[in-house]
Amino acid sequence: MAEISSKPTLKERLREMIFDDDTPAGRRFDIVLTIAIAVSLLILFVESSPSLPPWLKTTLGWLEVLLTILFTAEYIARLYCAESRRGYALSAWGIIDLLAVLPPYLTFFFPGAHYMLMLRSIRFIRIFRIFRLFAFLNEGEILLQAIGRSIHKILVYFLFVLVLVICLGTLMFIIESGQPNSEFRDIGTSIYWAITTLSTVGYGDITPVTVAGRFLSSFIMLLGYTLIAVPGGIVTASFINTTNEPVRNDRCPRCDAKVRKTDKFCSQCGEKL
Amino acid sequence: MAEISSKPTLKERLREMIFDDDTPAGRRFDIVLTIAIAVSLLILFVESSPSLPPWLKTTLGWLEVLLTILFTAEYIARLYCAESRRGYALSAWGIIDLLAVLPPYLTFFFPGAHYMLMLRSIRFIRIFRIFRLFAFLNEGEILLQAIGRSIHKILVYFLFVLVLVICLGTLMFIIESGQPNSEFRDIGTSIYWAITTLSTVGYGDITPVTVAGRFLSSFIMLLGYTLIAVPGGIVTASFINTTNEPVRNDRCPRCDAKVRKTDKFCSQCGEKL
Amino acid sequence: MAEISSKPTLKERLREMIFDDDTPAGRRFDIVLTIAIAVSLLILFVESSPSLPPWLKTTLGWLEVLLTILFTAEYIARLYCAESRRGYALSAWGIIDLLAVLPPYLTFFFPGAHYMLMLRSIRFIRIFRIFRLFAFLNEGEILLQAIGRSIHKILVYFLFVLVLVICLGTLMFIIESGQPNSEFRDIGTSIYWAITTLSTVGYGDITPVTVAGRFLSSFIMLLGYTLIAVPGGIVTASFINTTNEPVRNDRCPRCDAKVRKTDKFCSQCGEKL
Amino acid sequence: MAEISSKPTLKERLREMIFDDDTPAGRRFDIVLTIAIAVSLLILFVESSPSLPPWLKTTLGWLEVLLTILFTAEYIARLYCAESRRGYALSAWGIIDLLAVLPPYLTFFFPGAHYMLMLRSIRFIRIFRIFRLFAFLNEGEILLQAIGRSIHKILVYFLFVLVLVICLGTLMFIIESGQPNSEFRDIGTSIYWAITTLSTVGYGDITPVTVAGRFLSSFIMLLGYTLIAVPGGIVTASFINTTNEPVRNDRCPRCDAKVRKTDKFCSQCGEKL
């Protein structure tokens, strides 16, 4: 019986530390983990540089091995102390955790240098762990709610922008492609340019040279400058509805005045709600 | 009588499939059509590339012929089963459908290579068919309504921006044109530059080199950075009015003025509601 | 007496045509004037090009003389039929009209080629006449009102942005100026770069090359990307207040409910207002 | 006794002049100080230029000495007449004032040319004095309040953008790094590029050349073009809540809950208002 009561305590403690964000142990664990993820990302970034001294490459390699062991241990601990192992393993966070652990092991089986590079990028999804920070902040939920509520309008808007850039890109191709040394080589490139311009990014790697082309670009720029207001309007309206919303359908049973969710008494007739 | 009842059934079925978005057959038809349009667009894009192997060019040519037949059949079917043939043919969608079908036929009569390129762009309007997707989504209407309601304010704003870029472009021409190798060759180019800067696109193909020019550009940038708020404000205010507007369709039974949900008497004629 | 009654008629007709926007004659006059201004601007733009055939230069010169006569006649007519000549001549529009007429005459007295160019830019203020279009549209007033009401907030914001770009520009100068071939030559240039970056224009004529410089730029970009929301928020809040404003202080004398400017009856008790 | 009453008068007068913004003397002092700061900044900017004639360098040096004396005198005067000397010296403004005075003195002890440059940047914080202008304007407070209230949402948003640019930058590195002469040299550079693109700055110093890379960039641009709406929505909603908020200081006399102007009963305790 002593064994039965002690073992669950370890498991419970682990669970509290790993899954709970409210306890001091849980917080400390999350902070250490976030730092470890940041370090592993930094290694990934530095390793990607082509001009790296060999000793640094070796050091980073060993650090990576260490972090891989740490993350593996963490994944096993999570699996061990989860209330439902299957539920955790198949949940979104479980899959992300697994994807953060797997890549270094996969490189053993597929030693092709080029492919290794590809797998590194999968390993990189580790960063998503930081999303757990969202649990700290209720604001994240409100944000996602507001965006989610206006997702339909945003999709229609995106469709409209897509049609627009295809039309304008093709038109620009017709105008500019005849020029010598024109950078508008094909319609695909022209559409890429139209997106660059409409979104007000404006790299400048492709620019119009004819008068007609500059006229059309000017139009696209001013259009993009104005169209940027539309998603703004959609999201803002959604935000205001989320934060100001005075309980949509609730009304006072006595005087039929609107009541807000937090109201305990009707603000118009004093009726207890 | 059997013939009479069967023939309308075919027509009705076709009509249901082609014009109706609610039935499964109608949906499937729309999806197939959208894919066909996307493919025809992709062909157009790939064909525009100057470096294309001959076999691909031939293949794409044949695919295009196939799609042309398909779209022609669709247009004839639409004409056949439309409730009012004339009404459809002269409606906005009827004209867009026709413009999507015509270009390949017109190339037979005008074999000039250069003109063919021009006609291709007309053929390209096929994409507008995708606008039919708007019918799926009620959101599109709300979006257009909100924009439409603020179109006057936006036009005034555009006029103001136009005057601004003309003034600033000319000023910049005076400042920068005296420099050797200046890219501000004429006032037109300078206005094009002013639009590029004010809209925060900033290609960088034309940039100021004098101190005075950089001062003025800095001012234009900060102005553009602030002015971008104006269309945002217009559209957002319109959106909020569209979504928050208390009573959509309620009107006073006596004087037909708009009434709000909370109104107990018509605010225009005093009628008790 | 006939003379007395006929003479004012001519003056009145002219006044109606020139100053009134509501009568058909007045509208026609305004449209002709707007076209004339647009043409004179186009001449200015084309003339600024360095590579112009002599015959075109001559033609444009003559067209300009014609337009100058036309604008002079218009200015004299305005002065003649204005209700208060002095009032018109000293009003903002009167001065703008005069500035649109004067430059060609001034070039006679100051034949220096370089100075002529300068004067051309003053002549160019003709475009401001188009502002009269604002009279057509009530929307312009609402726009200006909304911006005017938030001008204090916008100025504070501008001050903040100014301090920010000076700080960030200097910091960037310290980081980047040590590099060989650095484009961050002095603090002024660095501040110009900071404005270019913060306003999301991003010409690309000056770009960071060090890791620290790119870090700081990334921070400035994300800051600019977020700060752009502030004027948006200010103007939008102002717009919503302008359009939604339900008459600030007006209340029904009987039931003390809020009434809107357009209300003829109280919407809560039916009291005639 | 006369001495006692006269001495405080001088101190009080100084205090009024230096710390008070309402009296004419205080205003004049602030204006002079702001101009002095602007001049000292201008000197800093001009001095940073590498190609400066020696006489100008000397003149600017002397001007700087003069300004240093002036700022030192001002700091001493502030310390002398502050109500609590310690309180002032340790307040945020006190530290900023000290940092504006110290740098020229520190250069005596550390004559290294390179370090001097560094210290100049600290001296540059003088500009923060201009923040005192915020005291003039109540709007500044409203602005900061509105931003402060939404700071949590903005931080979550920033975290999301950070994760996004890391993911997209790495993806872009995988796509583009294989190309000859690719500017996507390492993941750090690629993330820098992703931030440049997402924030719609778009320098153009690093641009994609592959078709896949241009596809991904197009997606990032359109994403950035839409995501820019989110901070806008957050800040705007916050602004509207700040300015529209019905009752600023009214609270229920019984339970101290916030009540709105139109409330007749407290919505939390039912107390009649």
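Here the chain labels run A, B, C and D in written order, and each chain numbers its own residues starting at 1.
We adopt the following convention: contacts are C-beta pairs under 8 Å (C-beta built on N, C-alpha and C of every residue); 3 or more make two chains touch, one makes a residue touch a chain.
Remember, it's a predicted structure, so these values are computed and weren't measured experimentally.
The two sequence copies chain B and chain C touch through a face in which the numbers common to both fall below half of the numbers used overall. The interface of A-B is repeated, with over half of its contact pairs matching by residue number, by A-D among A-D, A-C or B-D. Chain B and chain D have Cα centroids separated by 41 Å. Centroid to centroid, with C-alpha atoms defining each point, chain C and chain D lie 30 Å apart. In chain B, the residues that reach two or more other chains under the touch definition are 157, 188, 191, 200-204, 224, 228, 232-234, 236, 240. Across the complex, chain A is touched by residues 152-153, 155-157, 159, 163, 166-167, 170-171, 173-174, 177, 185-188, 191, 197, 200-204, 207, 211, 214, 217-218, 221-222, 224-226, 228-230, 232-234, 236-237, 240-241, 259-260, 262-270, 272 of chain D. Note for the complex: chain C touches chain B at residues 41, 44-46, 48-50, 117-118, 121, 124-125, 127-128, 130-131, 133-134, 137, 139-140, 142-143, 146-147, 154, 157-158, 161, 188-189, 191-192, 195-196, 198-205, 224, 228, 231-236, 238-240, 242-244, 259-260, 262-270, 272. On chain C, the positions that touch chain A within their shared complex are 200-204, 232, 236.
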